[in-house]
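What follows is a structure written as structure tokens; I'll ask about it next.
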Amino acid sequence: MSEVEDRLRQRVTELLDDGTVDLFIGYAEADAPLKTAVHVVRSTTDADALVWDARCAANLAALLPDLFRRPENAGNEWAPPRVGILAKGCVSRSIVGLIKAHQIPRDALHVVGVGCRGVVDRHHAARLVAPAQLAEAEFLEGDRLRLRATDGTERDVDLADVLLEGCLVCRHPNAVLSDESIGDPVPTSDRPRFADVESFAERPIDERWAAFREEVSRCIRCYACREACPNCYCTECFAEETAPRWIGVTTEPSDLMLFHLGRAFHQAGRCVDCGACVSACPQGIDLRLLTRKVNRDVEALFGGEVGVSLDRPEPLQQFEMTDDEGFLTEP
Amino acid sequence: MDARMLDKADLATVLERLAQTRRLIAPVEDRTGAAFASVDEVAAIRLDYRNTSLSAKEIVFPQTEPLLVFRDGAAEERIPAAPGAVLFGVRPCDARSLTMLDAVFRGGETEDPYYAARRDELTVVALTCNEPGPTCFCTSVGGSPDDGSGADVLATDLDDGLLLRAITDRGEVLLGELDAGRPAEDGEIEAARDLAARAAERMENVPVPTDAAALLATFDSDLWSDLAAGCIGCGACTYACPTCHCFDITDEQKRGTGHRVRSWDACTFPPFTLHGSGHNPRPTATARLRQRVLHKFSYCPENFGEAFCVGCGRCVVHCPSGIDIRRILARLDAVLTANSEAGGPTR
Amino acid sequence: MTETTGHRDDERGDWEPRIAAFLCNWCSYAGADLAGVSRIQYPPNVRVIRVPCSGRINPLFIVKALQSGMDGVLVSGCHPGDCHYISGNLYARRKFALMKSLLEYVGIEPDRVHFSWVSAAEGVRFAELLHTVVEAVREIGPATKMVKRIEAVP
Amino acid sequence: MSNPYVPYPVRIDRIAIENDARDLKTFEVAFLDAEHASAFRHTPGQFAELSILGTGECPIGIASSPTEGDSLLFTVKKTGVVTDELHRSREGRVIGVRGPLGNGFPIERMRGKHLVIVGGGFAFTTLRALIRYVLHEEHRADYGDVTVIYGARTPGELLYKAEVDEWRARDDIAAHITVDEGDEAWTGHEGFVPAVLEEVAPSGADAMMVLCGPPVMIKFTLPVVERLGFAPADTILSLEMRMKCGIGKCGRCNIGSKYVCLDGPVFTREELSKLPAEY
């Protein structure tokens, strides 16, 4: 157990004991390689199962809106719970976004910030051992990761080589909003953030189209990307609306493209590039292909990062008279 | 039944010949590890895979399938033609899942003609497991690394050779068609059994509650909200699952031309049971997860005589929240055991 | 699904682009109307959809139009500062900039989707704009990329 | 074997607007093919999937009795995409019917018993089929007293008005019609269904109770049913669930191990007591 984990379990026990929170959302061990489970701690005995390491891929903020939504059959005595949550940088930014979108109340939250050194991309690790399956993964000294495959082979890799790409360029590894912090702050990456977007944009148009279509055609419509995302809190998604029916429910390519374009667009000015959608996708679709582009444009055109301040409205909730008009068609 | 030993060096030639007369579906490398695909180039087939990321159900129960096509009010059924397909190298758990899908789609009063057409034409060559995967638990749910249910031929990788054992008439026909290798020796069949037995020994033993009625009696227990605490309501588990078979039927058309199409659906999605009136009999993630688990382990045993889980462990791999069916089963089993010892009802 | 039918006879030599035009009620629709009553000629390729404000445009409208087989989309509202609802078009402008960029990024031809401002007094501008849009779409040919194919009775 | 997903083509011969709100219409449909008509053998309480190519299907209870000939009646409330399209239809339109589906009322087990048929609002449709069946000259002698209690919110929301008036005039059926709130023209009973049932007080001895209505009516009526002495095995309800295939394959409409489309929609209270309350 790491020092941070030790401290985390201790603090969660205290928070539950002193009544600061009714429940605490963190991560626990899972019996599958490179995975952790979302862990909702309601009693102090469950606090000992909390873990914190590079396998903690889920964006825990995704669980928040439902907790504060009044149940259909709730009586008058229903009160929103007081919720504690472990927040790495991206999770804290999602929390900021949710508060500003009036989806969760700030005063019912107790945010425990933690510095994050990035999470492992499970699909990347799977690719390294394909067509065998990953049997086991073990963290080694010196930021190395040992991958054991089901065919008996073993390889050690630099952790940095198997992290989610968003983590490699993350500017906010530490919580931007917290009631307390555990562990030491993690230094910020200074790698160029949108190199991937820029290199994709340089490819010829039909190549881009083919790549987009192929990527999205892998989709099986399980909506794991959507459900894993804190921004997707709509009670009815456009993908499931029936009047009008925006998209068919099948895996016909244009419907898949429409879903993913719609999803990406709905992320505009709200995506914190946590990579939870990428980790969640059973098909290993590079969902960041689209969200990163939107993120880049939002920053380039309108300035500022999303989810870093409670005071400033998000980019699409405001405008400037001088906003760019280069995209307009003039007769 | 026929058992033949095929030199691995000859495998490609044999499969190439087969592919000339049959549609060959086999595991190929994929970014998720491995996936089933219709194979034109037999060199792409990878028998050194552990298991595919998604199950093989797509082959008999495609995610998207037109039932009817129509133009100007005239409809026509669209029964698939799938002459002589071979599913080569599927794992025994997935092969076994076909028997469960058979029970749903072919059992009861009405047969599903779309499923039947695909299934009737399919010969299944199952590749027995020499090594369990990290989340495998087939032996806990009535399967085994060399279970033959749903398969026509059992194949076993014996290092330099592939042992092929026909276990149905259809498998016999296929081996005859392959017309390759030499008759297998008893020692080789023995070796295959040993490999499977050793794989079984290395597999986790999950306590699985088998009393359908006792499981149903947990329906109102608080346990379920605890088990479902992390469930985010996606369909990753159900879509990866080889036995989940829920579907939707929708119409699509443009100017009078269109189709009635069926597509996978999932009981974990909130709108799945939503009535037109706005009422939803399963309004919470807890109710929906409970439905998924009880459907497999209580309702299906009641209706079909066995639990609809083959222990492939895919749902464990794919759940974004790390919900683990093995843990759920173990928790339920512990509760049921405690209750029966106390002699009290679970409710 | 192997057999498909095109959304129309693309092979025919007499293909004419079809443009979905989302026009705001207060400016652009009035501009189109003015072009009409002033008998200013503009191409007949446009199918007008009147919306209360350009801020009402859900970006899905645009993609949905392309999926439904439209060859081009035009979105038009009041000039900045002239919005009937004060600032609907200014919020919309940010969304449009992102949408235009995202569609190009994934490989949709830049000339499929057009945004422009047209006031109620600009009948001539509306006609000229349509001319520009129709010609730009004609240049790139029929839309194929996003179009939904629905299997039909053979 | 025929394809269970292919609907029989039927023509809408008659459309009757049933209520003041005009969101309830009864469609009389006739099979285009006589063979289909003879293949479609239903019992009261069964349902069918109404199908409009290009729009979709929706499950609707069959409002007509098999004793009424080959035409079928469906009373449809406008609630969604398919029912909207149905409501837009004119007479002469060809649509599809897939069925009959479900188990229907246990008309054999009801033989020799007194019947108490209690319905509320729009759920009265399959009860009409049952009443018509029982009143048919070939069947009437098979059953004892027939008591009907039917309620709606307002007089304008009562279904099958002319027919219901006929029943009130007959002496082989006791029809009690009530509305929650009458209007100037209403001379009948005012009050809720459970209260009327309590007042009429049919005996549970040698009798079966059939109960269809909105959840709130069921909730308040069941205690009365119990007090009158109807055993759970003799109390019959019809359930609604979201459905797609109608043949027990698509996995949508189960309550526990029972499929409403196959094992239902008609259940006794005894059967329901063994199922989770998830409907």
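Labels for the chains are A, B, C and D, by order of writing; each one numbers its residues from 1.
We take it that a residue touches a chain if its C-beta (ideal position, glycine included) is under 8 Å from a C-beta of that chain, and two chains touch if they have at least 3 such contacts.
Given the structure is predicted, the values throughout are model-derived calculations rather than measurements.
The interface with the largest number of contacting C-beta pairs joins chains A-B.
Rounded to a whole number, the gap between the C-alpha centres of chain A and chain D is 49 angstrom. One finds 35 Å separating the Cα centroids of chain A and chain C. Under the contact definition stated at the top, the residues of chain D that touch 2 or more other chains are 80.
Residue positions 1, 148 of chain C each touch two or more of the other chains. Residue positions of chain A with contacts to 2 or more other chains are 248, 252. Chain pairs that touch, as defined above: A-B, A-C, A-D, B-C, B-D. Those residues of chain D whose C-beta lies close enough to touch chain B in the complex are 1, 3-7, 52-57, 79-80, 83, 94, 96, 215, 240-242, 244-245, 247-252, 254-257, 262, 276, 278-279.
Against chain B, in their complex, chain A makes its touches with residues 27-28, 30-33, 35-40, 42, 58, 62-63, 66, 71-72, 123, 126-127, 129-136, 149-152, 220-224, 226-228, 236, 240, 248-252, 276, 279-280, 282-284. If you check the complex, the residues on chain B that touch chain A are 27-34, 46, 48-51, 53-54, 63-64, 131, 133-135, 226, 229-230, 232-236, 238-240, 248, 250, 252, 261, 263-266, 269, 271, 283-285, 313, 316-318, 320-324, 326-327. Chain C makes touch with chain A in their complex at residues 1, 59-60, 63-64, 67, 74, 80-81, 87, 90-91, 93-109, 114-117, 125, 128-129, 131-133, 136, 145-149. Within the complex formed with chain B, the residues of chain C that make contact are 1, 5, 7, 68-69, 148, 150-153.
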